[in-house]
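Working notes for the structure below.
Which chain is which? They are A, B and C, in the order written, and residues in each are numbered from 1.
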Amino acid sequence: MKKQEILSAMKAGRLTRRDMMKLMSATGVTMALIPMGRARAADEAINFTWEGYNEPGFHPAYAEKHGAEPEGPYFADVGEALAKVRSGFKVDVVHPCNLDLKNWRDADVMQPIDTGRLSHFGDLFESLTKLEFAQGDNGEQYFIPVDWGNTSILYRPDLVEVQEESWTMLWDERYSGQISMAADATESAAIAGIVLGVADPFNMTDEELAKAKDLLVKQKSLLRFYWDSNSTVEQALASGELVMSTGWNSSVVTLQGQGVPVKFANPKEGIMSYCCGLVLMKDAPHIDKAYDLIDAMIAPEAGKWLIESYGYGHSNKKTFEIVEDAMLNERGLPKDPNLFFAKGIFQRPTADADRLHKMFEEVKAGA
Amino acid sequence: MSFLRRHTNLLSLFAVLYLLFLYVPVLLLPLFSFNDNIYVTLPLKGFTLKWYESLAGNSALLNALWASVKVGIGVSIISTVLGLMAARAMTRYRFPGRRSIYALILLPLVIPYMVIGVSTLVILRRLLDVELSLLTVGASHVLITVPLSMLVLMARMEGFDRSLEEASRDLGDTAWRSFRRVTLPLVMPGIVSSFLLCFITSFDEYLLAFFLAGSDSTLPIFIFSTLRFPNKIPDVLALGSLILMISIVLVVLAEWLRRRGISGSDSSVL
Amino acid sequence: MTALASGATSPTSQDPTRRRPEWLAGLWLIAPTLAIVIGMMLVPLCAIVIVSFWTQTGFDLDTSFTLANYGLLVDDALKCFSDGCGLYSTLIIKSLWISFVATSAVVLLAYPMAYFMAFRIQRGKLVWIILLTVPFWTSYLLRVFAWKVILGFNGVINSGLKSLGLIEKPLEFLLYNPASVTITLAHAWAAYAVLPIYVSLEKIDRSYLEAATDLGDSRWKRFWRVTFPLSLPGTIAAILLVFIPTVGDYITPTLVGGPSGIMIGNSIATQFIKANNAPLGAALSCLMMLAITLAVCLFLAVIGKKRLKGADI
């Protein structure tokens, strides 16, 4: 059928079922034959990351130099991303967080980064570049920190009465059914460890872990759910379904932007910090452009954008010189992050993560 | 709603309630897509069109949508053809190993997607050195939708009256011709159902798509990845609402055309 | 296609299926589908079975044969007889149970709808088929958000009841429990149940029904004697299509299941992705597949005995 015929048939209202079928199957076949995969003229660095982490603002210098944006296949979960890379998916850089680094090291998928090729490397906070597992045994650099943030308790000051900010708030029976925790074994165990006051909440003895498990079982009856994504927890805090939950400082920015009163606790036991950044893959197809991308993401102007639009901290010292104090204040970020890191608890990968996962699943399953 | 007047009984009432059950949740989505709040929560705050504006500028999301539509349509066609052949073989002929073959074709429903995804990826990349693309995603979706298509079409073809086809043969039709003229029209509701079910399965599948996609993301990959930053969720919401509203308009339009074009001679099953 | 096409173009045979033995024609017709399924599935399937007999420390796979993973699962199951089931047995039983309840709900609700479409709708059935799938052209995540808005704390139901003055505090039992998981699943899988049942009901020859009425059957009796048995292929398809995938589902329980919302699918994913214990994940997958297969075989055996007509499977 020709287009004219179809149109006139439709006008006359005599498009029969058979014609309709022909038309539909013709459209279907045509669509199916359209070449899958777009042809790519540009051959840009491949940045395997979260949706939203490959925005132009993250790496303005890259587009200035190459006139194009890096490619960004997305992942929703760093563990899934590692599984995909290990199975042979070729990318240049990936964006894991420091808690994941042990896995990435053990999986043997990264190559050391020549820091001499990064013009901004010297300006990065040393406490971040020297994080556990960020460097190899001989001091070679595997991880370039980009963004850092805090994990603490997000709470609704209008709905929660707080005497003293502490991790024990998450066990407050007055708010039974209105509390949430991240569905993360390492973090949950660490929080329980902090409450118990163990020596090292990221490396507990079996005995300590058993106690932590009891504490988490006790907490479970007070929880509404374990959150699996930032969106879930923000949505529930906004609706008033939750009055407090573990969360990240970026949520404060988004929630306050929507007019939801929310506070980010500074627990007396110490606030938790984490850091995410870039790692370079062993079989990276575009090494030179990957270096340009990494350098662009640790530049101060990229950091300024990151703080202003996402509310995360940045790894470059100079970023904190060009961002106004008022903005830092509003975002809950310190003027001198070094002092801040020294006070808080930096999250660390656990040597034996398996028992944590088993323990946490047992808590959830009630077995 | 003229059928209500003709059959005002419990069954019709149930059908209306069932449709409400299906539609009420999704019809809330357009409501929230016009709400001036990035969170999908009550109470409503105010009317805005800004999510539709930002959707128009969100080329990553639109590319993902297009990728999913392409994969979905391709997969539905291939799976329905394969399912049709398998279902016809199963219902029309007796052959050795029939039960085992049936079980084998249903097996992909049982294997966890995580396992299919990771092991297919290893084979494609490590052994065959195939580049990942929407084609590899589509192939894995064919695997998981073929059983579905076969089951639906078997439900249609089982107990099928063979004498009709034989009559057509006696009139001198070839096997293909009698299949096309006699069997196909009778199976049509099954084909349409299979096509639609395959489409919604592929269109909404995340895990296989994640492992087997190259640099083009499908819609579910985009959406799951977006959850890290709720700021983008309203775009997804606006897109979902648009799809919903456009498809409802199309369905109503098609129904209107059909009624106008109806001549009374069309006594077919569709 | 090849089988049909070759039959049509072959000049010597007007009727290939009669000249060619029937079993060959059938095999010939199913061969492409079978080849594709086997080609794509065989390696994953073998891989999972083989890996389940290995062990892993960190990222190093130890490929020597061991029954350790299964031993662990047997110990886990044996605890059911002493001091309460272990983690994995608990999860498998729970997953099968939730899936069973959800499947029953889905199919029981879908049947009358399919019946309505097959027997009460005279014209425009295509529109009804499409109408049933339109709600699913949006992302599952968005639909779950919508359910949260309806069932949630300040949601539609709670706000409605509050404004009517029926309750003072929002009802919290609506969301984050097995019931909300079942509701969400019943919604998500609706089309998968209605359509197969509909296509099998719709093909029923009206003359059978008239014959039954002529024989003096009541409507209800006619339904059980004629309609239901003839719709069994579709009903079975619906049950399989909903039951099998929901056992391994791990997204729904995470999103609406509350703090106890964990099923065997979550545990398998954890082993592969987070705990780096692929062999245990593989063994768990095998166990889950075995459990599903047994449940399905049991179901088909029971149905097979009850079926009136001799169509097998």
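In this section, contacts are C-beta pairs under 8 Å (C-beta built on N, C-alpha and C of every residue); 3 or more make two chains touch, one makes a residue touch a chain.
These figures come from a predicted structure and were not determined experimentally.
Enquirer: Remove chain A in your head; which chains still hang together?
Expert: Without chain A, the chains stay as one piece.
Enquirer: What chain pair has the highest count of contacting C-beta pairs?
Expert: Looking at every pair of chains, the most contacts join B-C.
Enquirer: Name the chain whose C-alpha centroid is farthest from the C-alpha centroid of chain B.
Expert: If we average the C-alpha coordinates per chain, A ends up farthest from chain B.
Enquirer: Can you check how far apart chain A and chain C are, centre to centre, with Cα atoms defining each centre and the answer in Å?
Expert: 33
Enquirer: Please report how many Å separate the Cα centroid of chain B from that of chain C, as a whole number.
Expert: 16
Enquirer: Indicate the residues of chain C shared as contacts by at least two other chains.
Expert: Within chain C, residues 126, 145, 148, 152, 154, 272-273 contact more than one other chain.
Enquirer: Could you tell me which residues belong to chain B and also touch two or more other chains?
Expert: 40-42, 118, 122, 206, 224, 227, 270
Enquirer: Show the residues in chain A shared as contacts by 2 or more other chains, in ascending order.
Expert: 17, 80, 83, 232, 235, 239
Enquirer: Given the complex with chain A, which residues does chain B contribute to the contact?
Expert: Residues in contact with chain A: 37-42, 60, 63, 69-71, 73-74, 76-78, 118, 121-122, 124-126, 132-135, 138, 188, 206, 210-211, 213-217, 221-222, 224-233, 257, 260-261, 263, 266, 268, 270.
Enquirer: Which residues of chain A touch chain B in the complex?
Expert: Touch residues, chain A against chain B: 10, 13-17, 21, 28-29, 31-32, 34, 36-38, 40, 46, 50-52, 71-76, 80, 83-84, 87-89, 229-232, 234-235, 238-239, 250, 254, 258, 310.
Enquirer: Chain C touches which residues of chain A in the complex?
Expert: Of all residues in chain A, those touching chain C are 17, 77, 79-80, 82-83, 86, 103, 106-108, 177, 183, 185, 220, 223-226, 228, 232, 235-236, 239-241, 353-354, 357-358, 361-362, 364-367.
Enquirer: Applying the document's contact rule, which stretches of chain C touch chain B when the two form their complex?
Expert: It comes out as residues 1, 3-5, 7-8, 14-17, 22-27, 29-30, 32-34, 36-38, 40-41, 43-45, 47-48, 109, 112-113, 115-117, 120-121, 123-127, 129-143, 145-150, 152, 154-156, 159, 187, 190-192, 195-200, 202-203, 205, 230, 233-234, 236-237, 240-241, 244-245, 248, 251, 265, 268-269, 272-273, 281-282, 285, 288-289, 292-293, 309, 311-313.
Enquirer: Taking the touch rule as given, give the residues of chain C at its contact with chain A in the complex, in rising order.
Expert: Residue positions touching the partner: 58-59, 84-87, 90-91, 94, 126, 145, 148, 152-154, 172, 176, 254-255, 257-262, 266-267, 270, 272-277.
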